[in-house]
Amino acid sequence: MTNSTYETLGQLGQASELPQDPDEAVLETVPNPHRDVDYLVRFTAPEFTSICPVTGQPDFAHLVIDYVAEELLVESKSLKLYLGSFRNHGAFHEDCTVAIAKRLIDAMKPRWLRIGGYWYPRGGIPIDVFWQSGPPPKGLWLPDQGVPSYRGRG
Amino acid sequence: MTNSTYETLGQLGQASELPQDPDEAVLETVPNPHRDVDYLVRFTAPEFTSICPVTGQPDFAHLVIDYVAEELLVESKSLKLYLGSFRNHGAFHEDCTVAIAKRLIDAMKPRWLRIGGYWYPRGGIPIDVFWQSGPPPKGLWLPDQGVPSYRGRG
Amino acid sequence: MTNSTYETLGQLGQASELPQDPDEAVLETVPNPHRDVDYLVRFTAPEFTSICPVTGQPDFAHLVIDYVAEELLVESKSLKLYLGSFRNHGAFHEDCTVAIAKRLIDAMKPRWLRIGGYWYPRGGIPIDVFWQSGPPPKGLWLPDQGVPSYRGRG
Amino acid sequence: MTNSTYETLGQLGQASELPQDPDEAVLETVPNPHRDVDYLVRFTAPEFTSICPVTGQPDFAHLVIDYVAEELLVESKSLKLYLGSFRNHGAFHEDCTVAIAKRLIDAMKPRWLRIGGYWYPRGGIPIDVFWQSGPPPKGLWLPDQGVPSYRGRG
Amino acid sequence: MTNSTYETLGQLGQASELPQDPDEAVLETVPNPHRDVDYLVRFTAPEFTSICPVTGQPDFAHLVIDYVAEELLVESKSLKLYLGSFRNHGAFHEDCTVAIAKRLIDAMKPRWLRIGGYWYPRGGIPIDVFWQSGPPPKGLWLPDQGVPSYRGRG
Amino acid sequence: MTNSTYETLGQLGQASELPQDPDEAVLETVPNPHRDVDYLVRFTAPEFTSICPVTGQPDFAHLVIDYVAEELLVESKSLKLYLGSFRNHGAFHEDCTVAIAKRLIDAMKPRWLRIGGYWYPRGGIPIDVFWQSGPPPKGLWLPDQGVPSYRGRG
Amino acid sequence: MTNSTYETLGQLGQASELPQDPDEAVLETVPNPHRDVDYLVRFTAPEFTSICPVTGQPDFAHLVIDYVAEELLVESKSLKLYLGSFRNHGAFHEDCTVAIAKRLIDAMKPRWLRIGGYWYPRGGIPIDVFWQSGPPPKGLWLPDQGVPSYRGRG
Amino acid sequence: MTNSTYETLGQLGQASELPQDPDEAVLETVPNPHRDVDYLVRFTAPEFTSICPVTGQPDFAHLVIDYVAEELLVESKSLKLYLGSFRNHGAFHEDCTVAIAKRLIDAMKPRWLRIGGYWYPRGGIPIDVFWQSGPPPKGLWLPDQGVPSYRGRG
Amino acid sequence: MTNSTYETLGQLGQASELPQDPDEAVLETVPNPHRDVDYLVRFTAPEFTSICPVTGQPDFAHLVIDYVAEELLVESKSLKLYLGSFRNHGAFHEDCTVAIAKRLIDAMKPRWLRIGGYWYPRGGIPIDVFWQSGPPPKGLWLPDQGVPSYRGRG
Amino acid sequence: MTNSTYETLGQLGQASELPQDPDEAVLETVPNPHRDVDYLVRFTAPEFTSICPVTGQPDFAHLVIDYVAEELLVESKSLKLYLGSFRNHGAFHEDCTVAIAKRLIDAMKPRWLRIGGYWYPRGGIPIDVFWQSGPPPKGLWLPDQGVPSYRGRG
């Protein structure tokens, strides 16, 4: 893979403004350099925030995304900007988590993908959301995401 | 999903009194926005308390509930009020944990559900109760609940 | 210390009902068997719950109480019943934590006492309350209470 | 389940002496309130101690017992007294751990049972003993016991 | 303290919009119920986010605020809304952390206050900012904030 | 220090029976090989058990003993047998912890000694007892005992 | 199993010298008291040390051995002496770990055995070695060894 | 295995310069002393660093490599030098991690190999890469790599 | 503070090459926005690497820098580049750690500064280096750096 | 400091045999490059082993040594060989720990030194030994050694 692989990228290494909404964000991709094998890529995004569509209050989550590429990898800076675009966007926990996964599937057409959304507690009770696009590819090595369970106090 | 989805809800965003008993609590539901896929929703409720039916003394538990929705999601504020309704209700550990799961199944008719009840020690020996409604749906991603084992002291 | 030391106790070793309110609870005491020295007694009470006086919703806390006895020790079962008596009592976090300490001081007249109240989060932000009755006695060994800080998720 | 369920119990809610030997201990049972489902009950007993039959020195263990009930649950106070009856009884680590499991099986005839015995180190080398009565029931949810491995120092 | 203590509050128990900017936020106060003693109140706010004034990118922090009240306590919902008001506001790490403390001092005139700002890493290097308004009151019990140090990976 | 230093010891390297009571136990000592300096010796004894004098039920504790020797060190096997002698002895938590310290002071006449008793929970509330014989010697290095606080569940 | 079971043992309860070499060490066995079932015995040996055959420098490891007995259990004091016999013996990490397992298989003819060797780092890179004698017996309960991964610093 | 096994090694026990580039590094091998069995060798390398090919900035990773040998083991000092050779070499996260695994496969022709690359965060989002050469050999004991998930702050 | 504060900065927001040597690196500063108070700034740099001047092998460290500003803050991107400049520079552990602190003192003239260097183990024994420029300013809040001690394995 | 500083060293960068006894070990020193300041050097040695002079059995310890240099630093390879020389040497826990500190003081004449010896348990009770040569230099930054307390099991 040479540097020219990245010549079409519009965001990497550039000063980029945060997109106003997920619809405005552009998920960019680069070719998968190891298409001959099934390997797992994991992104851990502890800085996710969105808006509750009913109350207008901010929500926060720790997100972990695992995928196996087909032809394309998602470029990580564009992923960061996409996730940042939820900052002023209304979205429920269950809906939002699964929707991010579907958007990434649209952009990359991966062999397989899953997302874990670990939301900060509301009313004393946090919600976690877990989804995968199907059974993982055979022979894939897929470690646990290892996010600690919520413990309250003490 | 628009906000009108929530127009029938009686408790969300309202000042609500704690129901006097589990029978009085109303579990409200909203449509599942991603019925096309099997995803897991996890609630962690570290603030559960009930009454021992023999001694009248309070009991405490850390509960974790996992489910896969069919048509309905349980609305989280109504869940919180339902769990709070055990506050002055007599219930044994094994019985109570499984009964909560059955009540949620009645309300949501989920594809699958499980509950872990991690009770505070009595007589130096805590009891944990684990139940699932059946084998998990194939291809479901189902992380461990990750609640630490009880360690006594030292 | 002989068993007769305990003959006046009304709650220890008896089936006891939970007092309806802190005012009804009786804190019983026993003679301090080691009045000649300053030693620290620590109670850890992870099962505390009260009611928010504004919303009527339950609140939860993990409480740790440290004291140095003068003439009296608090009998632990009566302490447990006293703490249990807040179950249906309205009390704010800051007020309630300090008030428990003052009540214990009234009952025992200890050389010194402190309380740490580690409350479960509300609105994403837990409150901790720490108070001691004065500077600790000179030469007292006073370990940290060691309750983990709140971490949210991730 | 009504309170009359417990009327035949001889130890619960009573002042009970520690049995002198495991043979003298009585394991009491109550009806399983959820016979229609396979759920797991876990007891964690960090206060187990017995005597080495060769040297007469005390041994200590942290025990965790998991089972799936058939008709009966073991009543937890009688379990506590049974475990306490090993206090002055000679028993080797491997033998004792498995024997406790077999006794519980005799008393409850459970669908399935396992025991983990985590013994304190002797000669710098702790012994753990793990046994289950057979493959766990299909569809049972069976979390790891999660007892930390021994680490020596550092 | 009666409920009338809270009658002048404009935000507690109301649906409240997030203020557009820290200047618009109103920090409300209530009378300190225990003015006769020095006790510590700790708020842990793991959901803080602001905007980098140079790049426009979001920043995240875990904030812990400790204070000893004089006449007033800060009302916790108004604190939550004040912290939320930084969501679209540009502020540097060092400046912002200390400025929040100064604003709270203006609103409450506490006997003493400190803030710990634990910022998420940028360029692989997180910044923490620690400030207190002066030496803590004599005899105050002031536990460590106990936020884990940043560890990178491995 | 030569091996002859140990010739008077009656328990080390011998098969020894557990004393029936603390009064029967013999605490043996050896000369302090480094009398010219103040150094700390710490014993950690996680295998302590005694009997509740009121109920006859077993109690358990994790004990940590720190001391600075004068002329004598306590021989560790005799310490083990002394602690083991509480196995069938009735003793309350506060009394017993301080009494062990006093007995060690009688036997060794150390420059300084402290004990931390971390008792397993009864009624959901563990008791810790901390005592030292006086302010530690100046210039002594005295690390925290570092025993984790009790956390209940979750 | 009676005490006579142990009459043929030459090392248990005796003062024993450390064997000079693994070849000189004698692994003693006792009858398996529960031959009717498959249970797991785990030894954790955090005090293993050997010599690098090339450089003569000491190596250190934390070893964990799991096995399912057939007719025989290994006597734990003889195991301790066998492991201690590597103290002045040259052996490479990979070779030594597997060789210990093979020797134990020779001595006990167990139904199944595995060993985990967690070696201290050399050149910044620790080596772990994991081996099992075959697939574990069906229906065996086999917990993870749970030794933490190496983390370097930070 | 005698010391002559190592006579052909050019780097072990020698002062060796860091290779300028992965292509210059020589992976040396030694015969597998236990070819008759499938055992796992794990290297943990927390000191990996390379250069971002686009920005020229350093990247850091914690690498864990697991393999089952066929005829050859990789000599650990040559592995260390090979990994060190990435110090001034440009390589992307996904590409680099998989490429190291492929190079090791070329050098050793192992029965099976996998690599976990745990990269330090860039833009707040770390990337992990996981690959294995195929399904693990049947009957192989393959523990989890146990590297903690990234947690940000708090 | 306005953005013009940063107009003289040459590295922030620019693509910057890693300096070839610490002498070439430029530490840039910005005005301290809160000169009226003593607050602490902490940088955690887990990605430090240098070269051993004797063997030419890479060394790694986790560095934590604490300071109290006078007129100037160090700009964090220039700090990152300065630390990165040790990548191909020879420096011993003790010397290098203290030298970094002295260089920062030259650049900022802070009221006070300290550095903790936590180096990865060599020969099984890691070295930590701790230095501060003098006693910390009175009334400064100075939390522990909280880097875990090295534990080897197990 | 130039490389010539190290020209007189006899062990660094050489193949060195382990000394047969502490008396034979040579502690080498190098000039302190930062004599103008008081900084702390910490060595963590988790691989210490010696022989019990009474029983001939091996003992193990995790040692942490802190010092402030005057004219000399101890060279770390010679320290490693010195510590390794206890491998076949008889020494009691309390005596040995303090003796190592005294030997280092003889060799370096440091401004100040302390040692923490964390010994593996014997008879279920580990011994820790802590000594410092005097009160630490004023203004020295001296972090806790942070070795976890012993916990037994569970």
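Letters A, B, C, D, E, F, G, H, I and J mark the chains as written, and numbering starts fresh at 1 in each.
By our rule, a contact is a pair of C-beta atoms (placed from the backbone, for glycine too) under 8 Å apart; a residue touches a chain by one contact, two chains touch by 3 or more.
Since this is a predicted model, take the numbers as computed values, not measurements.
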Contact-richer chain pair (by C-beta pairs counted) among G-I and C-F:
C-F
Which whole number of Å gives the spacing of the CA centres of chain D and chain H?
45
Two or more other chains are touched by the chain G residues 13, 15, 46-47, 55, 60, 62, 120-122, 124, 126, 144-145, 147-148, 150-154
Looking at the whole structure, which two-chain pairs count as touching?
A-B, A-C, A-E, A-F, A-H, B-C, B-D, B-F, B-J, C-E, C-F, C-H, D-F, D-G, D-I, D-J, E-G, E-H, E-I, F-J, G-H, G-I, G-J, H-I, I-J
Footprint of chain I on chain D - complex, ascending:
150-152, 154
Can you name the residues of chain I that touch chain J in the complex?
53-55, 92, 94-95, 97-99, 114, 116, 121-135, 144-145, 148-153
Which part of chain G faces chain I closely enough to touch in the complex?
46, 60-62, 118-122, 124, 126, 147, 150, 152-154
Spell out the part of chain H that touches chain G in their complex, as residue ranges.
1, 3, 6, 12-13, 32-34, 37-47, 62, 64, 73, 76-77, 79-80, 138-148
Across the complex, what residues on chain B touch chain C?
15, 17-18, 46-47, 49, 55-58, 60, 84, 87-88, 120
